[in-house]
Amino acid sequence: MDRIDGRQVNQLRPVKITRNYIKHAEGSVLIEMGDTKVICTASVEERVPPFLKGQGRGWVTGEYGMLPRSTEVRKVRDSSKGKVDGRTMEIQRLIGRALRSVVDLEALGEITIFIDCDVIQADGGTRTASITGAYVALVDALTKLLEQGKISRIPLNSFVAAVSVGIKDNTVILDLNYAEDSTCQVDMNIVMTEKGQLVEIQGTGEEKPFTKQEMEQMLAYGEKGIMELIKIQKESLGELANLIGVEGNGSGCSNQ
Amino acid sequence: MDRIDGRQVNQLRPVKITRNYIKHAEGSVLIEMGDTKVICTASVEERVPPFLKGQGRGWVTGEYGMLPRSTEVRKVRDSSKGKVDGRTMEIQRLIGRALRSVVDLEALGEITIFIDCDVIQADGGTRTASITGAYVALVDALTKLLEQGKISRIPLNSFVAAVSVGIKDNTVILDLNYAEDSTCQVDMNIVMTEKGQLVEIQGTGEEKPFTKQEMEQMLAYGEKGIMELIKIQKESLGELANLIGVEGNGSGCSNQ
Amino acid sequence: MDRIDGRQVNQLRPVKITRNYIKHAEGSVLIEMGDTKVICTASVEERVPPFLKGQGRGWVTGEYGMLPRSTEVRKVRDSSKGKVDGRTMEIQRLIGRALRSVVDLEALGEITIFIDCDVIQADGGTRTASITGAYVALVDALTKLLEQGKISRIPLNSFVAAVSVGIKDNTVILDLNYAEDSTCQVDMNIVMTEKGQLVEIQGTGEEKPFTKQEMEQMLAYGEKGIMELIKIQKESLGELANLIGVEGNGSGCSNQ
Amino acid sequence: MDRIDGRQVNQLRPVKITRNYIKHAEGSVLIEMGDTKVICTASVEERVPPFLKGQGRGWVTGEYGMLPRSTEVRKVRDSSKGKVDGRTMEIQRLIGRALRSVVDLEALGEITIFIDCDVIQADGGTRTASITGAYVALVDALTKLLEQGKISRIPLNSFVAAVSVGIKDNTVILDLNYAEDSTCQVDMNIVMTEKGQLVEIQGTGEEKPFTKQEMEQMLAYGEKGIMELIKIQKESLGELANLIGVEGNGSGCSNQ
Amino acid sequence: MDRIDGRQVNQLRPVKITRNYIKHAEGSVLIEMGDTKVICTASVEERVPPFLKGQGRGWVTGEYGMLPRSTEVRKVRDSSKGKVDGRTMEIQRLIGRALRSVVDLEALGEITIFIDCDVIQADGGTRTASITGAYVALVDALTKLLEQGKISRIPLNSFVAAVSVGIKDNTVILDLNYAEDSTCQVDMNIVMTEKGQLVEIQGTGEEKPFTKQEMEQMLAYGEKGIMELIKIQKESLGELANLIGVEGNGSGCSNQ
Amino acid sequence: MDRIDGRQVNQLRPVKITRNYIKHAEGSVLIEMGDTKVICTASVEERVPPFLKGQGRGWVTGEYGMLPRSTEVRKVRDSSKGKVDGRTMEIQRLIGRALRSVVDLEALGEITIFIDCDVIQADGGTRTASITGAYVALVDALTKLLEQGKISRIPLNSFVAAVSVGIKDNTVILDLNYAEDSTCQVDMNIVMTEKGQLVEIQGTGEEKPFTKQEMEQMLAYGEKGIMELIKIQKESLGELANLIGVEGNGSGCSNQ
């Protein structure tokens, strides 16, 4: 199968991560995957939601939005409609879970980190680009907390990144752009750690159910793409990358 | 591992499907999976949403709700809050996609079927029970349309059912009840056709990422459970079950 | 006049009360009046609304909903509309007032009881069935509090039940089903204690004003129906019925 | 019993109706009952709600509001809260039903009359004052339609007015002011035609149930008050009063 | 140019201020400017918004509404729409800023004054009439606080009033009525103190941009009108007018 | 007075306009004024709002938003709050009026142009930067329509730009950054055409009223700044700038 933009079936689009993109945020990144561009910020607030008060644990939560003209056809603003649509809610919940999966919330302490992912130009894969970019912004925000002495280590157990895979014309492909995404038979989003462990998998075959064999191939392509994305995250972070996964004494969730 | 209720790791809870539960609806089912009880209705309206007008195709859409005291702790009504929460939206979208995946919308014609799944007692697995029960209600509603001559065959390509699987105490288990669900490490919902093809897979390892081997085992348990559920659907439908998957001449999404 | 279902003008439909219908709720009842079916739950929370804080008094409040396909024509969910409609609000306020009228809120102490009445099948008289059924659920919830030692007696001054009456084809009739209700000239809901005292009366003659003589006859039929309903409540409660109206020393609103 | 303001138990407060109070409205009235002051307008629009389209019938609908400082303690604006509260909805529905009960909607033709009742100063009985005042505004609006030749007669079958009665300190009283209303045991609103027929009765004994004898006395006081209010309506309308209840040939709901 | 109502280009409409219009409010005024009629109330609450807690300073905030039939064509209620429209919000913010500009918030202490301006009849210039009338209501409310010993002087630095000016048919005019306002080329609202200092200026030339010379003339007419309005405020307040602008020792914002 | 960033009192911050910033929009610009960065898009839809249907005229409307972390302290999303706040509404209305003032809506024909201004980094003056940038995006969108033959000339009568001025420490300054804006005494926004005519002026002296002399100086600084901004707009547009203000035969609002 020839892909619209000439890529191999298991090839990512060009990826670029620009750190410190917004001056006010503790962490901020512009991530570009092909023509998809997302601003990801990580904002620190020294309080936790009511359900966590007094437990000594922190929280990471995600929000997601699209500029009205990030899309081919102008989208009505959520704020004008007075409510957040279902797709946006799903993505917000996904971003939060994906990042929390690698954060040691006890080591973070009673701090909330708000992850905001705002799509300024959309060309498919915005939710997975959001996760991949937000992770880098999160590292920058945590580094600020470390420098300020508010935490004693970077409370991250692992790198994490995300990518989409799918089936189009009965062929499995990696990192779908919008033209591919809107005509594919199966659409799957994968979130994975650097050790190749799955954090989230969401696949839907509304147009055509898929076999377990197809699923295995999608997972394989997804793993390949995610490993490349984590490599790009590491290059972008430079020396900071070495602070990830270094546990303190007595440690976190993943040992229990 | 001993399960709380003494089940085998890959054993479903007792399942019971009661048809014609609500007299007004074209199709209506009470499905019980252990202590989880959901009323599923299928309502026919002879119109389609604006985005489908004039195309000769039909639509199936899902809504989901929980009675305030279906849960251990009373839930505030969505209508009092003035909005639907993110979890409910996710489930509504899932139910709609799962059922549409087996409906030949062209053979249905310009008709919308509203699937309403209302949980009257919750003990884990309400979204998957909703799909399994709603499928039976859908068959009943379509049969009424067939009897009225509004469609010329039952426009269903396949049976479809859903079940949850998960990892608790590092062991894969099938059909989690609430006590298991609220303490598990990994939670996955699987929707599958009777041929073992995947329609939806949604797995989350917020507490602990999972390996591809664990994923394969979850899929295997899920397939076993779904095949048993489809058997129960068929028993419940009796002779009507024979009308499913019988295609008309030349038509249908799955041929293309 | 011949009634659609062959009843006498002053005859109730068959009534059935099933206790302990939902396992999570402190009190829960399925009440059936003919084809009208309502799930009533009573939920205990050990706090009171802000306007009652620190006064040593409790509260009873009602909420009401209809499943989308409880009605002949599918109703759009309140939660989808983002607001509760006027009819629902009226019914919620009525249920709350009706039950509070027989509760000694001081003897209850700083506890709130949420009454949820959810109609799963509607055939007229859902608001009055809700009150009659909710009363039984309330007794069960209060009994749990008594067993836990959180109250020292059942703080109920009296039984209370409700029924509809109306005028159709210039004839007064009791307990209107939907076919009667939607074509009647006058519609009246009556809530009464076992001593025949009125708690609420709401009558409307939008189609045709009614005379004081007609009103007296409606009241008489209503009283007959309510006395029968209270008898059914008592049978359903068995020995618990003896705990109602037994006052403590010195207490209670009704002594003042 | 001595009433706070020295009135007899069955005596109305001073009533004043000022017609043509707002220049833009087709009908507009300031009604004062003691210190309760309500602006009632009747606005004509030559269209009907969707559910009445093409049936040749008209509609009358009511809305009600209170200025934030019409009350002793400032009320938060409904528009700031983003929703209409339950009490307001109940009153709006009551006003609509009360006025529709005397309008021949077929003779009105495909016209909607919006009744707006806005309380500028509240001292009890605002909903009943609204109905009594709105009726006069409605006559003025209908007279304009008659003058314009859009209707061929005033389509009103009867006068209608409303008043509150109640029980305070075990004594039945007429037309409660706020001090009485907020401390009474039973509160009842009555809407009646000039022939003494009941259009609406809404009584609540949340604080103390009431007997049928008390109810009869409340009805008697209510009828006395309403007859006096209708007399004041007639004086206010002058010659226009003679146009009410004059039927056309063959027509009218009440003949059928 | 001849004005519709025969006024000179720089002539105000007849103005009338009626104090103590609503009995419950601490200050209340009916202001009439021609056919524009606005009820302005000032309500005292002894608390401040969260952002001011514990600072020893007070707050003045404005709200604005229009009765549905205050206008030529009936307006849908904001409360029915579930939100406040942009024009209303703009006016509410303007009223609050205009009044705060002359209040010494520190001398007021931890008290909030809610200004409610409700238009009962609209004929142009409702926002400026609201400010002019609300100022008088504010003085009355502050006087009550002074009498109760809750403040030690009237914390007002100056009188303030507002008026509209505009350009119609290339001519600058003062105090536009609705017929003028809806056809003018430029529309400007001016808020000014008695010393001729500007508090707010908002001019819009959507239909035709305006020159600096036109702007100067609009300012001159505005100043003339406002000086006349302040004279009417003073006459209305009588001796109370002498309490304005008398500062205490240690004093306010304007000295710093 | 020394300004924080060393500028002269009447000096703009560095301004940069990047055209074609978002690939999907018909016109799109990133405007930077110092650290303030706004994405402005112009989207064409070939329909008009209901109030303009069938009149042969077009419409231009503005929307405005801020990314949550565009500001020093993270702002809660409007979409999460379920409503647009008053400040945002004011700005949206201002943007729409400012741009419409120079558009010949009749020459545009039945087309709506949506202007979206989204602040990605805020440092004061976001609303004026929005107008200045949006104008350039509007020219690009209109040029596309011209190229497609949907309009016969660029229907713009003039250039328009906007800037803020204010008084800080009793000194008039141009183009306030956030540090200046949040501590100034007077704040004014000016929108002006290239001929120096005023389109909008909004000045507020909540902290300290201002004299007419101060106002004149603010206007003079504003005019200087706006002339510089229009020069930058022209440089950015290159040859397209020559198409502005070239009228067709007989047309245009400003001739009448």
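A, B, C, D, E and F label the chains in the order they appear, each numbered from 1.
In this text, contacts are C-beta pairs under 8 Å (C-beta built on N, C-alpha and C of every residue); 3 or more make two chains touch, one makes a residue touch a chain.
All values reported here derive from a predicted model rather than from experimental measurement.
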- Task: Based on which chains touch which, give the shortest step count from chain D to chain E.
- Result: 1
- Item | Angle, in degrees to the nearest 5, of the Cα rotation that carries chain A onto chain E | 120
- Query: Taking each chain's centre as the mean of its CA atoms, how far is chain A from chain F in angstrom?
  - Reply: 35
- Query: Approximately how many whole Å separate the CA-defined centres of chain B and chain D?
  - Reply: 51
- Mean-CA-position distance for chain D and chain A (Å): 60
- Query: Using mean CA coordinates as chain centres, what's the chain A-chain B distance in Å?
  - Reply: 29
- Note on the structure: Multi-chain touching residues of chain A, meaning two or more other chains, are 82-83
- Message: For the complex, give me every residue of chain F touching chain A.
- Response: 22-25, 28, 35, 39, 41, 43, 45, 63, 65, 67-72, 74, 77-84, 88, 114, 116, 118, 120-122
- Item | In the complex with chain D, residue positions of chain C that touch it | 83, 85-87, 89-90, 92-93, 97, 100-101, 158, 188, 192-193, 195-212, 215, 219, 253-254
